[in-house]
Amino acid sequence: MTPSSSIDTAGAAPHDEHHDHHPSYLVDGTTIKSWLLTVDHKRIGLMFLFFILLFFLVGGIFALLIRVELLTPGATIMDAMTYNRTFTLHGLVMIFLFMIPAIPAVFGNFMLPLMLGAKDVAFPRLNLASLYIYLTGAVFMLWGMLNGGLDTGWTFYTPYSTHTTTTVAPVMFGAFIIGFSSIATGINFIVTCHTMRAPGITWFKMPLFVWAIYATSCIQVLATPVIGLLTVLVAVENLFSFGMFDPARGGDPVLFQHLFWFYSHPAVYIMVLPAFGVMSEVVSTYSRKNIFGYRAVAYSSLGIAFVGFFAWGHHMFVSGQSTFDAGVFGVLTMLVGVFTAIKVFNWVGTVYKGAVDFKTPFAYFCGFLFFTVFGGMTGIALGTVSLDVAWHDTYFVVAHFHFIMVGATIMAFLAALHYWFPKMFGKTYHEGWGLVSAALIILGFNATFIPQFLLGNNGMPRRYYDYPERFQALNVASTAGASLLAFGFIIIAMYLTYALLYGKAAGKNPWRSKGYEWMSEAPPPTHNFVGPQPTFPEEPHFYVDPKKAEVPDAV
Amino acid sequence: MQSSAHTADGAENLPRLAGHFASLEVQNHAARLGMWLFLATEILLFAGLFVCYGCYRFLYPEAWAAGSRSLDLTMGTVNTIVLITSSLTAALAVHYAKEGENKKVGVMFALTLLMAVGFLVIKYFEYAHKFHIGTLPGRYYHYEGIQVTGIPLYFTVYFCSTALHAFHVVIGMAVLSVAMVRAFRKKDFGPKNYTMVELGSMYWHLVDLVWIFLFPMLYLV
Amino acid sequence: MSEFLNNLLFLPESASTFAERVDFLHHFVVGTTMVMSAGVGLVALFMFFRYRRRVPAQTTEYVVPTLATEFLFVSVPLVFFLAWFGIGFRDFTWVTTPPKDAMDVYVMGKQWMWKFSYPEGPNGVNVLHVPANRPVRLLITSRDVLHSFYVPSFRIKMDALPGRYSQIWFEATKPGTYQVLCTEYCGLSHSKMLAEVVVLPQEEYDNWIKDQRRGRLQDRQDALADTSLVPPVARMVEQGQVLAGTQGCLKCHSVDGSQHIGPTFLGMYDRVEKLDDGQTIRVDEAYITQSMMDPGAHLVSGYQNVMPTYQGKLQGPETAAIVEYIKSLRTPNVREGASEGPAYDPIQ
Amino acid sequence: MAIANESHQEEKNMDAHHGAGRYWLIWGVLLVLTVVTVVTGRMHLPSFGLLLALVIATVKGTLVTLYFMHLAEHRGANRLVFGVSILFVVLMLVIPMADLGTRFRGANPPGSQYSDLQPADIGTGTQRGRFGGGVRQTETKDTPETPAPHH
């Protein structure tokens, strides 16, 4: 135990003297079966990490193919049909197979019980099932992609998706199955938060990452069934022409869009709320401060989750939706922006009077702050109804959601990976390479997507295979940025793999963090804590000198 | 941290306490909350179809009126009564489980299953009739008797929602069968161990609940 | 100033009254965003330096915001956001509510072209002529899937819904030619679905439309778009059958599915054909018409380029009749053309 | 013992155990309400028929959830979950319907209550399966009407 954390001995004492006798979860059982059939949330989290990184690679390759194709107008490396399939698969893989499960299923799974002082999530077997459901869905999707692919765009708007001759049904069915995985994870986490908190952890002493995951899980539980139904309806429509959304049979394609965005808009919060949660932890740890405005951040997570549900129509301002609905959705969109602004101000406020240590995760925090502010503000701009008339479905939208939804999430994913790497594997990585690759990725990301904002302003629509000459310069700039980005990821892959194999032992708490998850061993033993459930007398991230620890109530 | 209240009645049938829960009451609470959350997802799943129903009804009131009049109200009403009664027996099963009368639990679930089969049989006759006269969804609609704009959509909604509901009936039957077999074989339900019966029965009530809304929506208005 | 900002932001020329409104709000929003983010960024950078860590296990003060601080965090963004929403929504209402004296133009998107028609004619493909400084209401529809009509220089955009109409209006301020793009993904050639708006001064526009209405029907780009002279479909099929015989189509094309010099007409419509350059195409009205006028443009692979052009030999309605005849020859295994949506007829 | 959650309270709530009579009573009420809704439904009440049917269904649903599903005894999060899901269903229903009712009439499906466009009949041979296949009993005009100028 590091000297700095001597004040938490009260909380973590009961299992301290035992830890030599209990192997870490990584080596407690080494057979393949002990991994594949494990119900340990940490092992399940790691398996999710493996597959999610795999799909991130697949989606990333699709992304690079798209960027290379767009280097020149007209055909560069593929024909139009292949291009249409490529961007569809890029979207589907990145959204359903990477971004939605990325942080909750990996870091949520791993950290949530540790942060709550629980031995496991509430339903460990359901947790394992959710991994296999996810993989089953992924197999369906990949099978559909290999057997003809899908060319509808990930939004699969009717009536195009119900009439295209590409393989809609298997991919839709895959998405439907993955939905169950998402729901299972969500139910598990909500129940865990309600019933598994250790003594001392009241609702307002839960770490903010837990709050974010809780809010995310609420969205997953409430929104996912709708997309599940919708994917089935589209698949059925494509196979049997039932006419539910087919204008030729009286159906309304705009109603399809309502139902689609009822899930898919909250889905962006499924992706980005956990990112917010990770960053709340990271900023506290590296500036050694309690979060500024804990309750404000916690409530704003719930606020985003709730209001975010009723802002879906801002994807449909020019779809033929009524002006009245556009107004309603426009106002609600602004509220989401306010909740996000609260978080941004509070993160910056956390640094105030802190003690900043500029480590790799903190570098990602800086990138995250940048992407969230610009991505968020361009989101507000897009939600400003009349501006959306000009920007809708142009590259401005593409750049916007890559900033807020992808940029913020990737930053948080990488920050979490680096921040919790010693916790998960007990090893350290090379700090210098970490900072270099963080710089590369943040620069590369900007170089990729800032030109796309300008392209959108200039009027280039999204999903264009061919484009007028005047857009070429910016497209070349964007592709150049994408290669920089790819380079950054390659560096990360290399030094993290190296660290995994040959890294130095990290010790229990290399960052001297006072997050709850650091109060167990690193890596933790199979049931997280040895002996009875530990108690947590202090709030998380409490860095006050014990001599003057008289605390006013947090707001 | 086993609470003392529970260790006292060791002779009683207690469910297995999973190692990661602090106590039995936490485990029960978790199971119940998990079930409610799952039921919430089911409600939202049907909500998608309710929205389609609501919107298209709003657009095509005449087609909806004509469509609902073409359904067999008698069969629908009988089915409603069957399902409500099966819900009663499911609720009674929970009641007897709490009292530890395992045999009655089994019988109640058997009755529930019997009525579920009855429900499906009636549903089958309704479907068969529709296939016969041609009131089918979308492009398969070929009934000469009603020709109003939007009428195939009514039957699309009808078939999608009743089929989804019937699918849930089948799943519910599977769940209740497991509980029934356990009540007859292991006979271990009692005042401290009835969560499984309770959750299975909650699922069944949800199936009933959905039908309570589907019935007037499709058959009456 | 605004010219400079537009260049900085890569905004295209602004050529409608709506564009001016949008650009004003755009500058306001982007300017405020830049200033505020720069502020937040600088404060953050300053604090990263000022409050850097000095001791590894440094302890810190317990700082919580006052209620006033939190109130500020909420209210300042809220005021700005709602102000932007207010302006934006006012402009949106404005652009979706056409003025009474607006001139109507019907716009139909189909894979992958735009058709324009004026209530009293004429009709055109891919080129829309409008007078400058006069409100024009577009009634937009689609024949197959969703499209979206987008003129970057006017900053307007509206989806085309199959079988229904959506509306938007604009008032062009400068004569010139402006590009139209489709912004709703609509399939293979989505990115080639381009058109132009030609804005003419009022007198030139009047002359143009007079010319068009004088009846140079044989020069029309696409006879199909004009149904004012076309008899009801049923009679067209008969007429097409007669024409196919008299014009010699049936010498090379069979109607019973058997192979001949050219592809059979049976089931041809709506079929997806592989072209000899490797691409695929769906046989639709546009493609059939094009094949009659310029047979070598897109050859189906496996066939020789031997068909003579019928440019000038067929009148517009006759072309349409042959197309309808081919459409009527459909085998049951050909997918029902449900994607067409309810028929679109230019409103007379 | 100090578990920082609601399980204990929950268990206490669940202790209440009633006789079976209550279930029979609820069942009786449900049957009566079913009969009422069928009878009133058959009258085809003009304006409030739908409302009445929905109110009855809601009452029935409430009885089932409160007593059969024991929501009356489950407190806290269980109720919240159920309440929120119902709220979301309602909002999800109301917002798209508000859209249909207030959008530009031409943008609603032709032939529907909120459209000025007639459903179009097109061509021979394509009728089948289009708006219900078969032959249309009533002759409609060949061309759709102009959408009323909507200013």
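By written order: A, B, C and D. Residues from 1 in each chain.
We adopt the following convention: a contact is a pair of C-beta atoms (placed from the backbone, for glycine too) under 8 Å apart; a residue touches a chain by one contact, two chains touch by 3 or more.
Note that the structure is predicted; figures quoted are calculated from it, not measured.
*Asks:* Using the mean of all protein Cα atoms as the middle point, what chain has its own Cα mean nearest that point?
*Replies:* A
*Asks:* Quick one: which chain's Cα centre is the longest way from chain C's?
*Replies:* B
*Asks:* B-D versus A-B: which has more C-beta pairs touching?
*Replies:* Between B-D and A-B, contacts are more numerous in B-D.
*Asks:* In whole angstrom, what separates the CA-based centres of chain B and chain C?
*Replies:* That pair's centroid distance is 47 Å.
*Asks:* Roughly how many whole angstrom separate the Cα centroids of chain A and chain C?
*Replies:* Here chain A and chain C have centroids separated by 35 Å.
*Asks:* Between chain B and chain D, what distance separates the C-alpha centroids? Give it in angstrom.
*Replies:* Chain centres of chain B and chain D, defined by C-alpha means, are spaced 17 Å apart.
*Asks:* Residues of chain C that contact two or more other chains, please.
*Replies:* Those would be 96-97, 161, 163-164, 166, 336, 338, 340, 342.
*Asks:* List, in ascending order, every residue of chain D touching at least 2 other chains.
*Replies:* 1, 3, 5-7, 77, 84-85, 88, 92, 96, 100-101, 104, 107-112, 115, 119, 129-131
*Asks:* Two-or-more-chain contact residues of chain A, please, as numbers and ranges.
*Replies:* Within chain A, the residues that touch at least two other chains are 194-196, 222, 226, 241, 243, 246-252, 254-255, 258-259, 320, 323.
*Asks:* Classify the inter-chain contact topology: is it line, ring, star, complete, or other?
*Replies:* Its topology fits none of the listed shapes; call it other.
*Asks:* Pairs of chains that touch, anyone?
*Replies:* A-B, A-C, A-D, B-D, C-D
*Asks:* Please give the residue numbers of chain C that touch chain D in the complex, ascending.
*Replies:* Interface residues on the chain C side: 96-100, 104, 139, 161, 163-167, 232-234, 237, 324, 327-328, 330, 336-338, 340, 342-345, 347-348.
*Asks:* Which residues of chain B touch chain A in the complex?
*Replies:* Those residues of chain B that touch chain A are 1, 18-22, 26, 29-30, 33-34, 37-38, 40-42, 44-45, 47-49, 51-52, 55-56, 59-60, 137-140, 149-150, 152-153, 156-157, 159-160, 164.
*Asks:* Would you mind writing out the residues of chain D in touch with chain C in their complex?
*Replies:* Listed in rising order, the residues are 104, 106-110, 115, 117, 119-126, 129-130, 142-147, 149-151.
*Asks:* Hey, which residues of chain B end up touching chain D in the complex?
*Replies:* 1, 3, 22-23, 25-26, 28-30, 32-33, 36-37, 39-40, 43-44, 47, 50-51, 54-55, 58-61, 65, 73, 77, 80-81, 84-85, 87-88, 90-92, 94-96, 98, 138-144, 146-152, 191, 198, 201-202, 205-206, 208-209, 212-213, 215-217, 219-221
*Asks:* Which chain A residues qualify as touching chain C in the complex?
*Replies:* Against chain C, chain A makes touches at 2-4, 79-81, 84, 151-153, 155, 157, 159-160, 163-165, 241, 243, 246-249, 253-254, 287-290, 292-294, 296, 317-320, 323, 326-327, 330-331, 333-334, 337-338, 341-342, 344-346, 348-349, 351-358, 366, 369-370, 373-374, 377-378, 380-381, 383-390, 392-394, 454-455, 457-459, 461-468, 474, 512, 542-545, 549, 551-555.
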